[in-house]
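Letters A, B, C and D mark the chains as written, and numbering starts fresh at 1 in each.
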């Protein structure tokens, strides 16, 4: 078996174990309702995490995604609600804007050699600041499209529903997998994460790829923003704070290495589900105070990661030892 | 071979390139002809790799021009160079360990189907290419799991596949053994027949005379001469490279009959499952033990076990070490170093140098680590040590504070050797110590090794150069398929005997 | 059987919020209600998830302290479809369909700002250069309290907000910003009063004023909103000049209404308004004693 | 190249010139938006003025950036420092209210920071969990632990000694400035007076090669995280003392980002390797000067983040252009 597939299998195993544990503890847990809800609730996270996966595989990081989501929501609310722009016009517009924003960050990263962490941190400040400048109000969106979106959900057996935004997320994951493993761009992303200098020597168009990676990430953050705006039917400049860290955690739990070069989009999807599972566990429990909630999130996060590391070490013993 | 004066395929004119503090290239001219192998020679730090990097657009230049087929070219990056038909293997293997062999071979030019990468076809084609070079490997496996030598071959395969008109090979044979070299030369000859111009950088003069048609010699960034190989005797070549004569004796030493001392270290049933079959090995004081074997036979593995990087399995009479007859254990490099061991790894870039630290810091690192973090060596002392070894090993660097990553490959290797020499080890393990080192320095290092052994240092030397091994080893351990299969000593230590034992 | 109620709480970002949670538990205990509290850590996503999971668990009612005013329509629709009554706590939501929730128990945050503005006008004879410590930019209490306060002083041409910055509702934020305001306004000489959007920032401001060698409550007046114990203490010491209490007991009325609805179908009032009361230094010491245990 | 421009190039090649230029530019900007920026006078036996505020308010970030520099130099990152500040503040506040002597209170708070650092170090160095996630765990849970200690309230105290650590003055200089300066000196001594600095740089630049040379990456990494935890604990005590209370929810909130920013502005690569403590301090002061400048400018708070983003990018672009010349 290929060595790098092991972390993925471990992640899936850890997720299944966690789900099983929850189902045993809570009677209502194992239902399509909870499944549908988990997919819907984490749809925006899933969308943005796919973009983040590419960034991290390339050896970078994107801290701006949360702010970009907020900016998207505020922009859509203003455009659709206040200025009566058709959503079908506003969506492509905001996707173009966010993608352009990412391209700008990518260009700064490549041409001025400013570390991605810092470039995107500034990007995070700027996007959030732009939200405030646009408006500090939170604006509901009452366009018919938003009102009736829930009608298009697909019924699952049982009480569950597969909502439109869950379908969007699943589609993004699928497309992300294809891009990662079946396109030249995908190969270039892995190459850059493996070793940027080598990749350049091997003829990877580093400038273009860098810009495209951050374009993809910001663009998907824009799409996640659209999803979030469907999810809440509103735009608020304080939305999605801290989402960048949730996203990074999901990607890393999904088996992607922050040092770059290794990872799977599908792993990220499982990572998102694990994040969702942790949250669902906590809401199902319902007895935790604010601080115990935080501690529990930390402990569960640690539990999943430690389990993963432990299994990885065990499986490494099984195969040929690769020098430390 | 008919080589009439004709128009060069690619000519480099007046190429100049300065780095802070160094003029790496100074008005260098070079002419490549179609259907020729052009050897680019010079000491460590002469500017060979720099010339290649500038030519392929990896770094900029101060002045000079390139003319390809009558057209002035100016590739700004590797992609453009490749588009012009120039394929390159750079000195340090620059492939992607995280990706599969097939990905590495086809990065940027994957076979496509319906707009998507056709992985099946890519693997098939990769398997064909790899088979051509005699490798039996899974092309879907990550490249990083393979040895440097295999990676080197993959890099060559990729460049050969890419280049249409010019192929540049910067020390491609450094980590290959005789068989692979022969294979590579076959490929180069085929390409030459097809009218390709090939640049070949090496420090092995035998190889220069075996394959090249024309020679350009660089010294200190200047071109000293461009000659047809058959018109340039070896002696003259060496003199051109070094700027002075090198006595023949320096190249071929007579091994003094070494008075074997007492056993210094002894390993018994030393091994690790799925890594290396248990072996017995003992080294006496002042003795040089050579390790020979084919690619992947487990030479590096032996070194890593002995140095404690990989932990040997112990228990029931297995995995015993004794030093000076006293049983002990070696579970980490730190323990090994504390017991007076040293190890110059084969993979210089990833396991040897600490790139962004200075030459001085790299030289004193192991000594300081052994002293511990509290007993810092005073700056003056480290300055002195660095200066002494830079002089002694003739490390070409503008100053000791230069980051080591900016040194030429051979000079990095010398600094690594210095790192261990300053610890005054009792037992030094050298994995391909002369890889990438020029003839002059090669002789220097061998002399140094001998002197150290005369003073009682024991050595375990891994080398693909059978000539080198036979030149100084008292004993040679032969490896095959990750097991020690034979040991030769005394008059048995000859190239032919080693070869037949390996092949047996 | 015991009634099960889910409470989607924002978090515990301030002392007031912690008190709200504490009183909710107290009231639930008194009313023999099994209260499940989900702490959203200030994230709307988490509150939405909590409501969904409450619905999935089939609770009898949901209390929601919305972190923002918008974005609840679809999840509340799901709750309504599942016939789970929802009570909003301490903040109204912005929706086109008021039938989505059963009732709202809130104070009037605009009114709070207005009241403290009027109070300050009275204290200063309608003449004052004011610096303002805003809450978190974009949060609705910050917006509404600012709005109410500005309405109140608009009537008085000599009352002006000369500087306004965000102190993020925190003590250290209030202190840092106030420190700079004092420097920027000629060592504090040009400042007549500071209006803080919450008491924590007000307390931070008091410290900054003291460190600048001025007397809070005299050289620079201090007014704020929330009514947390430390502010009563400060008023008792003469270091602050007024606060409008935002009652932390939001869950009590909501649970009462819910029980009435469940037991005999009494439709509750749509807006159960909790009182906003102005407190001044005169009664501060007594008030401090009275509410210390709640916090 | 003309003679003057050559001299200029030589000048700009001095390490730190970019940071000093940036600092000068930010200070100049502050002076432009607020002409009284450089005024200093005495109030209650203590220096008083905006410049002093910059240093005083900057002390926590300076402290965090000292530890963060070492962690980043090993190739890691420490997201938990803000939460560690909250924990140490909570420990200090609850203990002092329980009547514990000040020395023990400080020792306990520092001990808490040390334990946090040790935990991070173990996760990173022994369990080999990626630093961002490893410290993310404590970033999330740590604030919960702090709240657990304070029972979710702002624990106020009125012990004069503890308060003095945040607001007192010695020889007219505010105590936090002195503590930060002292910690800076101590850190410098720790890493440059011993070989630890070299080992940190070696491990950060090439962990494997350093290990083969006998440097114990584990010890070095754990030491860096422990030091980071300690520095964060000191910052936490100062922050609590400053507001005379432990605000578990907000103490040090998002300060880890400022600290990381300071280190990077100070020229240390996030990939590890070479580091500079003085320049990290300069970075922290640049950031604080910018924050103070925003407050003094009278700009609407809606614009704070935009100004911050623009200034940070400007500083880094300046550095980047320098580097490429």
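Here is the rule we go by: a contact is a pair of C-beta atoms (placed from the backbone, for glycine too) under 8 Å apart; a residue touches a chain by one contact, two chains touch by 3 or more.
In this text the structure is predicted, and so the values were computed from the model without any measurement.
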item: Far-end chain from chain D, centres as C-alpha averages; value: B
item: Chain pair showing more contacts of the two, C-D and A-C; value: A-C
item: Interchain centroid distance [CA atoms averaged], chain A/chain C, Å; value: 33
item: Chain A and chain B: spacing of chain centres that average the CA atoms, whole Å; value: 44
item: Residues within chain B bordering two or more other chains; value: 309
item: For chain C, residues that touch 2 or more chains besides their own; value: 11-12, 18, 21, 137
item: Residues of chain A touching at least two other chains; value: 132, 136, 289-291, 293-294, 324
item: Set of all touching chain pairs, with the criterion as stated earlier; value: A-B, A-C, A-D, B-D, C-D
item: Interface residues, chain D side, partner chain A - complex; value: 79, 123, 127-134, 136-148, 152, 208, 211, 248, 257, 260-261, 264, 269-271, 301-310, 312-313, 316-317, 320-321, 323-324
item: Partner chain B, residues of chain D touching it in the complex; value: 193-196, 198-199, 201-202, 205-206, 208-216, 220, 273-274
item: Chain D to chain C touching residues, read off their complex; value: 34, 36, 43-44, 46, 48-50, 53, 57, 147, 152-154, 156, 167, 239, 242-245, 247, 249-251, 253, 292, 295-296, 298, 300-302, 304
item: Chain B-touching residues of chain A, taken from the complex the two chains share; value: 2-4, 178, 181-184, 186-188, 190-191, 193-195, 197-205, 261-262, 319-324
item: Residue ranges of chain A touching chain C (in the complex, touch as defined); value: 26, 28, 31, 33-34, 37, 40-41, 44-45, 131-132, 136-140, 142, 147, 149-150, 231-242, 279-280, 282-284, 286-291, 293-294
